[in-house]
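First the structure, then my questions, so here it is.
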Amino acid sequence: MSVNAHLVGQSENAKDIPIKSEIWKTLNWRAVLAEVIATMLLISLGCMTCIPIDGFASHPMYGPLGFGLIVTFNIQAFGHISGAHMNPVITWAAVIWGQISWILGIAYIIAQCIGSIIGYGILVALSPEGFISSGVCTTTPLLRYSIYQAIGIEVVLTAALVFITCALWDPVNKDLQESSSIKCGLTVAGLSLAGGPLTGAGMNPARSLGPALWTFTWRSHWIYWVGPFLGATVAAFLYKCIWLKVDKIKPDIPTWPDGSEGLAKIL
Amino acid sequence: MSVNAHLVGQSENAKDIPIKSEIWKTLNWRAVLAEVIATMLLISLGCMTCIPIDGFASHPMYGPLGFGLIVTFNIQAFGHISGAHMNPVITWAAVIWGQISWILGIAYIIAQCIGSIIGYGILVALSPEGFISSGVCTTTPLLRYSIYQAIGIEVVLTAALVFITCALWDPVNKDLQESSSIKCGLTVAGLSLAGGPLTGAGMNPARSLGPALWTFTWRSHWIYWVGPFLGATVAAFLYKCIWLKVDKIKPDIPTWPDGSEGLAKIL
Amino acid sequence: MSVNAHLVGQSENAKDIPIKSEIWKTLNWRAVLAEVIATMLLISLGCMTCIPIDGFASHPMYGPLGFGLIVTFNIQAFGHISGAHMNPVITWAAVIWGQISWILGIAYIIAQCIGSIIGYGILVALSPEGFISSGVCTTTPLLRYSIYQAIGIEVVLTAALVFITCALWDPVNKDLQESSSIKCGLTVAGLSLAGGPLTGAGMNPARSLGPALWTFTWRSHWIYWVGPFLGATVAAFLYKCIWLKVDKIKPDIPTWPDGSEGLAKIL
Amino acid sequence: MSVNAHLVGQSENAKDIPIKSEIWKTLNWRAVLAEVIATMLLISLGCMTCIPIDGFASHPMYGPLGFGLIVTFNIQAFGHISGAHMNPVITWAAVIWGQISWILGIAYIIAQCIGSIIGYGILVALSPEGFISSGVCTTTPLLRYSIYQAIGIEVVLTAALVFITCALWDPVNKDLQESSSIKCGLTVAGLSLAGGPLTGAGMNPARSLGPALWTFTWRSHWIYWVGPFLGATVAAFLYKCIWLKVDKIKPDIPTWPDGSEGLAKIL
């Protein structure tokens, strides 16, 4: 979930400012660090909404709404810095679209996985003993669903997530970005209401990785890599080939208001 | 639910760009395809929020909020391409208002019905055996409501939906469209909270068609065509005659930022 | 709940367009009719969220969230026409602020009361027998609360509602109105979560009038006139005297985009 | 929670208007008074959502959603006047960032504590006997969490809250402020869904102070000062040092539309 909301919003000034390519290297680590922290907060706070209290599972609205609103928070807080992908498949779609370079894409994905592992680790440290064995927030399909059905559900959910991300990246919408964080957050909440009870509504391999690693819950874990990458690839290509009409996507390069330098040249 | 949000938002540039009428035909199928996919996702994801888990009906907030947020997602993802009607009666209101041509209107309505049938079909394929017989997400009125009362409820709900759509189409609001997707989604959520427990809050014949076809639940199905069309007709004419004051509605023709061609000339 | 959102958003053009005072009379009835319909939909749809199903009270989130989202809908649909007050005390605050004339204020309040009575009447017509005796959606304080406490709660809730309305009327915010409908709707939802279980969170004499009249529930009804008017008066004067700094409020006069005539001259 | 949303939105005009420093003193008390009233309403209305009804605890969604939406209301109503901090640690972050002066910061924090105490006092006055002994809305960690874990949770929650506040203060976002109140409110709702069941999701020493003082619940009260201040300090410095690139933050000085004087010179 992502959208270079604020980046895009700055495009008017961008044209008349020369980009020094050295700056890119300097600024790069700031964006990668933002991905680590954003994903870390997504997992530690999102999964916190799923903790059972006094033996009772958390209220069925807590998980979906909690994850959605934490996504809103993260995109608002870090979207203008790194795009706040927090999700390898969003980064993958950004690479397909040429929004970010391959090298930055790989750095982002590693950062997201590290962030997820740290995030769940923080939750383990902040919880009473026995937390790990309870397997809170791990993603596993309901038993009565076949593997193919679980993958299919993840494909549909992730395709939807990538469709809206692409729509927000589409230059046609570049001046309509003010509430992108809310739109993405509500979308994640909606998709989690749909798929959450069935497969956990992963839609994000990094999100599944952290809890799986700490709790050693590897059953069906591969589903949460295959499904999302499949859905994201289909959606990103479909949108790009059918609805995106500019010959080459020229991502907007944001700069500071005083025009002194680029914030994050992500090409 | 719809609103040509992003289309309208582009009107400043639209005036100085000549529209080649051949383009309209080329672009047309892209908008129709977007309607198929948007309605497909609306039904497969919206109805997914209503699936009972382990024999228990889904939480009473899941359906209304889920449908509302999926509508937000769809309008954000496809609104700038086709208007994201996803609903024959919204398309009908658009025809009444002269937003789209009769021919495109009919194409949209067929696309929506196909999308709904595919959407529910996907859900059937992704669910364990016995899903069809459980009749998830079909719209039928509560037994203690008479047919006239059920139609009346659908009329009021759909009229409300069409009022807000017309307000977003009204040229007076053309610069206030940034969060149209959120506004429409929250409206659908609100109307579903109101009518959902009574009639299922159809408000959309295509939405009712898919589940009815797969589950052979035709009892009272006609209510969900008559009620919404009646409500939409009343609301669209009422708004147009009383509150819309321009002599002829001139829909804005959106173009790509580089001005190369029109995205979707929908007149 | 209200805010002349869209009206205010049009102020740039307003200055250079002469207002013909005859138009005011012509247009006036359109705004008053909008108040009737908006209040009618508020009551019929809002109260519909509170109907018990199969003998069980509606889910505790349905009422507050439903009313809030219906308010969002109404302000979006009718805000640019009449301000979508739907509430005598908002109209009263508008009169205090000089937003609308006394004469139009009285017309609005009568329209709101009529709309509320019609709205609940529609609900009665669309419900099975025995609906009236169940007293759905009437506002009465919990028995363990004294009359003074109930009035006090209504005063605080309504003061909050009027504070945000005044903030949206404040010229300092005139360019920040795009999502006014969402802001007002979420505020009403929040205030209803707070006061709903205690007093029903009236905050609106017209909203209380319709259900009271149809169900003959006049016990404590006066509380829902005295409390809201008291709260609104305090808040409107407090904001106007302390935080509003322009000498005289000059309400923006909206016009159609083509500049042909004023939409609703409400002074 | 805060953001000088509307203040920032006015920056275009600000440059060409000389600020008279005497005005600052005159206007100062208006901002401080706004903090008192905003915090008062936050506590009285937010805590009202947590009142048990007929012996049953309030619905688990009421508290988090209620507090979030009341925050939305308060920022919309008072954000353009004082920033609507309502929270000593947000004020502390504003001081770190140079958004407001030390002296005004101290005044704000005192105002917030007074507002909280008055706010809970209003709730006591408006409730039946026995309200104080029920300890509604006091913040205490779950017993099975150690003190270090409770502090850690408050640190993470408050750091998140301050990250988004800093992002909204970041000049790079100064033109994307229209829905700041919604973004902050939804963030507070999300963080409360996460931390609410564990520690009460204080994130705000003033919010904890009022209920603690009236109910004499001082157990663990210090946690709700140490945790939030720690989290806020870390987040404010981290954002300022890593992601904020302008040499010196130059807060925008808002003025009235007529340019007559500054609304609140808060430097």
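Note that the chains take the letters A, B, C and D in the order they are written out, and that residue 1 is the start of every chain.
Operating definition for what follows: a residue touches a chain if its C-beta (ideal position, glycine included) is under 8 Å from a C-beta of that chain, and two chains touch if they have at least 3 such contacts.
As the structure is a prediction and not an experimental result, all values here were calculated from the model.
J.: Count the residue numbers both chain A and chain D use at their shared interface, divide by all numbers used there, and answer same if that is over half, different if under half.
T.: Mostly different residues form this interface, as fewer than half of the numbers used are common to both chains.
J.: To the nearest 5 degrees, please report the angle of the rotation taking chain C's Cα atoms onto chain D.
T.: Fitting chain C to chain D on C-alpha positions yields an angle of 90 degrees.
J.: Which chain's mean C-alpha position is the greatest distance from chain B's?
T.: The most distant chain relative to chain B turns out to be D.
J.: Counting only Cα atoms for the centres, state how far chain A is from chain D in Å.
T.: The computed centroid separation for chain A versus chain D comes out at 28 Å.
J.: With chain centres taken as the means of their Cα atoms, state the distance from chain B to chain D in Å.
T.: Each chain reduced to its C-alpha mean, chain B and chain D end up 39 Å apart.
J.: Please list all residues of chain B that touch 2 or more other chains.
T.: 61, 68, 177-179, 182
J.: Within their complex, state which residues of chain A touch chain B.
T.: Within the complex, chain A touches chain B at residues 60-61, 68, 142, 144-146, 149, 152-153, 156-157, 160, 163-164, 166-168, 170-179, 182-183, 186-187, 189-191, 193-195, 197-198, 242-243, 245-246.
J.: In their complex, what parts of chain A are in touch with chain D?
T.: 5-6, 9-10, 30, 33-34, 41, 44-46, 48-49, 51, 53, 58-59, 61-62, 65-66, 68-70, 72-73, 76-78, 80-81, 122, 125-128, 177-179, 181-182, 185, 254, 256-258, 260-261, 263
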